[in-house]
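The same subunit A turns up in both complexes below, where it pairs with subunit B and then with subunit C.
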Partner chain A sequence: MQQFDPTVITHNLPQIASGFGITLGTWVAGVAIGVAVGFLISIVQLVGPRWLRAILRAYIELLRGTPFLLQLFLLYYGGPSLGITLGPLTAGTLGLGIYASAYFAEIFRTGFRSIPPGHVEAAACLGLTRWQTIVRIQVPQMLVLIAPALTNMVIVLSKETAVLSIVTVPELTFVLTAIGSATFAFVETLLALSVCYLVLVELASRAGMWAESRVARFLA
Partner chain B sequence: MNSVAASSSASTDRALIEVRGLRKAYGETEVLRGIDLQIAKSEVVCVIGPSGSGKSTLLRCMAALETYDQGDVLIEGELLGYVERGGKRARATPGEINRVRRNVGMVFQQFNLWPHMTALGNVMEALLRTRGLPGGQARTRAMAMLETVGLAHKADAYPAKLSGGQQQRVAIARALAMEPHIMLFDEPTSALDPELVGEVLQVMRQLAHDGMTMAVVTHEMGFAAQVADKVVFIDQGRIAAQGRPDEVFHDAQQPRLRQFLQNYLDRNAFWSRGAQERPA
Partner chain C sequence: MFDTDTFLQGFPLLLHSATATIGVSLAGLFIGFFIAVAVCCARLSGRRWARMLGGAYVFFFRGVPMLVQLLLVYYLLPFIDINVPPIVAAISTAALCTASYIAEILRGGFLSIPPGQIEAARMLGLSSFDTLRRIQVPMAFRMTLPSLVNEMVLLTKASSLISVVGVAELTRTAQNIAASTYRPLEAYLAAALIYFVICGLLALFAHRVEHRMQRG
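Moving on, here comes the complex of A and B:
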């Protein structure tokens, strides 16, 4: 058994910093894609035709019903057989975004559903169009209602980025496990890895709390 | 329709709202079983009846918030909710519904103020979006409306900071801002604490006094007795009795109506104009 040796970490700081950057980048990009696609899905579920809603329902169930690891494998290794060849970073980010979109769509949908129907009826009686009602009445309220669930999902996704290491994206988990394998300093590297994720999650959770207090200030 | 239907309402051509043979069912359950009702200009009609009688559904049909199966709802002579094409009836588009409904204001039991907008914002919203007024004009008009319900000083308050009575008054101001010809009230005081009911009824009383045409679904028998031109008693999806308040409240022959009113008498919950003694 080796002695605890923090120099394993300090000597590899540039690599670890780069991994941290990639984790942060894929996380932010994955959240952005997921929120954007999920939002569009939830809007279509609100106003779209029945057949389209059914397709989107299937999309959501499929993505929520299978492991992210499997989805990423399919996209990265199965993609080329369908003529979609993506680099690890692109496949990883896109995969994360698609995976997240299903969850975000559900969060938005439940948010919309939590708005009392009377608020929409009042808008209709006052002559607002369906679209004005969505933009002015439903979306702002939905965003307030979902703030806690949204923060939660963003936090979950920060750790899902670790899965990207499987397709050789040089993010935090990839970098630190590689260092661990090379030096046999598993405890040091895994500890460092934990600290890095804790920092990310802490950042996200504080940002979330700030956002919650901002959007909900009129509800107090 | 029977018993106290002595006082006939205004003629058809003067009716702002005319309901003819209105029927609606939820699956097997018939909620409305042939309703005929006319509301003339400046007339105040109070709709009373036991819960589940269909009175709220009737009102919601007049605002196109419910579909109906048979009959007509005419707003100033125009069919609401449906369009007739070649003898066939189809659901109207939202734009068409909004056009026919533009002169109808609706006030809900649950107020339905938008919680993310201030009182002023709530009143301004439709002025900006539906009427397309410029911001300054919308603000001036909205403030004037808040003034009429006595809440100009609460213009910048969010609904959560207002009492139920204040919220309902803002909701009334919001509807009035659109200059409706007809105001529909769906149990406007039923969600309020008893001590807050008065301020809302006072605003409604003033509206009636100013000549607004109103249909009010209510459990406030005192208000109905004092303010209504016509009281309509709905039971099991039908108009079981209607007439002037004194006719309906004092000469009630219809057994269901007598039974219904007895509940209020037992609680000593209403007084009517000119009546010292409790009606039998």
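Moving on, here comes the complex of A and C:
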């Protein structure tokens, strides 16, 4: 058995830091794409024609019913057959965003559905147009109601970024397992990897709890 | 362009490997359930060290991606002279990972059992282990069944990760077909379709269980 050697980590710090940066970057970008697309989908589901709603329903169900890894493979390896050739980083970030969009759309939809229908009817009675009702009544209430589900999904996505390593995105997992394979220091690298994710997830969940408590005052 | 032949010809092999996907997920869920009962009892225990231990378990396995857990099991166990074949590493990881989520689900179930039920069992002379085995776990199981089926859906999807250690499950087989036919799009679409059907059936089952429970 090898001696435990922390220098494997300290000597490769710049690489690890860059991997951590890419993990953070893909996470933030994935969340941003997911929230934006998911929000759009949920709005269209609110006001769109029936056929469009059916298509979006199928989009959500297909993405939620298949593994993220397979979706990445489809985009990264299957894409070229359809003329879509993307680099690992682009495919990874885009894949994460598309995957997330289905879950965020579902979260937004349940948020809209848990608003008492009386609020929408009252808005209509007061003469607000459909758009005014959405922008001023439904969206603000929905955002308050979904805060816990939203932060939870954001945290889940931070862990999903590890899957990007399989399509060779040079993020944290990729960098540290590569160092592990090169030096045979699997213990050191995998422990460091676990610690990095634990810190990331813990910080994210603390931030999420803080945000939820800020939003909770609107619930009273 | 899209090659329907490759798409269709992949199905016999893929369906065969889907049994491995379902097998690993079921075995992981089954073993994970027992780990989860232990973790949950520790978290609800009166002893401080047990609560901390259970809390640490949940903290670790929910805070680290399943892929990293898989690598930990696969690469670290040989270091302490335990050589695990890929399939064992896969099932253990699935069980360990899902146990942390099931423990949290069960905790809600345990806490919602009316205390009178436990007191009655103790009065009738059941030991605390018998009370756990015959009263608390069955009641919590029935109450949390829809969430447990949902966990099975999540685990089925997460089991695609075990392709990384070379277990010939659905995703791995799709990779092999993609490599041998040079048709990744068709191979992965066929695999995705099978995952979709499995998850859809499980979701339908969860839905029916929920309905039956609401009827009482």
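We take it that the second predicted complex is superposed on the first by the 219 of 220 C-alpha atoms of A that agree within 3 Å, B and C clash if a C-alpha of one lies under 4 Å from a C-alpha of the other, contacts with A are read in each partner's own complex, and residues count from 1 in each chain.
Everything that follows uses one rule, which is that a contact is a pair of C-beta atoms (placed from the backbone, for glycine too) under 8 Å apart; a residue touches a chain by one contact, two chains touch by 3 or more.
Worth saying up front: this structure is predicted, and the values here are computed from it rather than measured.
**Q** Do subunit B and subunit C fit side by side on subunit A after the overlay, or clash?
**A** Fit - subunit B and subunit C, as placed by superposing on subunit A, sit side by side.
**Q** For A:C125, decide between first (touching subunit B), second (touching subunit C), both and neither.
**A** Touch partner of A:C125: subunit B, not subunit C.
**Q** Who does A:T85 touch here: subunit B (first), subunit C (second), both, or neither?
**A** A:T85 contacts neither subunit B nor subunit C.
**Q** After lining up the shared chain so the two structures overlap, which partner does A:S114 touch, if you call subunit B first and subunit C second: first, second, both or neither?
**A** Touch partners of A:S114: none, neither subunit B nor subunit C.
**Q** With both complexes superposed on chain A, which partner does A:V144 reach: first (subunit B), second (subunit C), both or neither?
**A** Touch status of A:V144: first partner only.
**Q** As a test of reading the superposition: which chain, subunit B or subunit C, is in touch with more residues of subunit A?
**A** So, of the two partners, C touches more residues of subunit A.
**Q** Given the overlay on chain A, how many degrees, to the nearest 10, lie between subunit B and subunit C at the CA centre of subunit A?
**A** One gets 100 degrees for this angle.
**Q** One more residue to check, A:R136. First (subunit B), second (subunit C), both or neither?
**A** A:R136 contacts subunit B only, not subunit C.
**Q** May I ask you to decide whether A:E202 touches subunit B, subunit C, both, or neither, giving the answer as first, second, both or neither?
**A** second
**Q** Check whether A:S213 is in contact with subunit B, with subunit C, with both or with neither, and answer first, second, both or neither.
**A** In the superposition, A:S213 contacts neither subunit B nor subunit C.
**Q** Could you grab the smallest C-alpha gap between subunit B and subunit C in the overlay, to the nearest Å?
**A** Between subunit B and subunit C, the shortest C-alpha distance works out to 23 Å.
**Q** Would you tell me which residues of subunit B are touching subunit A in their complex?
**A** 63-65, 94-95, 97-98, 101-102, 104-106, 108, 110, 112-116, 125-126, 129-131, 158, 160, 171, 174-175, 178
**Q** Report the residues of subunit C in contact with subunit A in the complex, numbered from low to high.
**A** Listed in rising order, the residues of subunit C that touch subunit A are 1-2, 59-60, 62-68, 71-72, 75-76, 79, 157-161, 163-164, 171, 174-175, 178, 183-186, 188-189, 191-192, 195-196, 199-200, 203.
**Q** For subunit A, which residues are in contact with subunit C within the complex?
**A** Result: residues 1, 61-62, 64-71, 73-74, 77-79, 81-82, 159-163, 165-166, 173, 177, 180, 186-187, 190, 193-194, 197-198, 201-202 of subunit A touch subunit C.
**Q** Quick one: which bits of subunit A touch subunit B in the complex? Just the residue numbers, please.
**A** 116, 118-119, 121-130, 132, 136-137, 140-141, 144, 218-220
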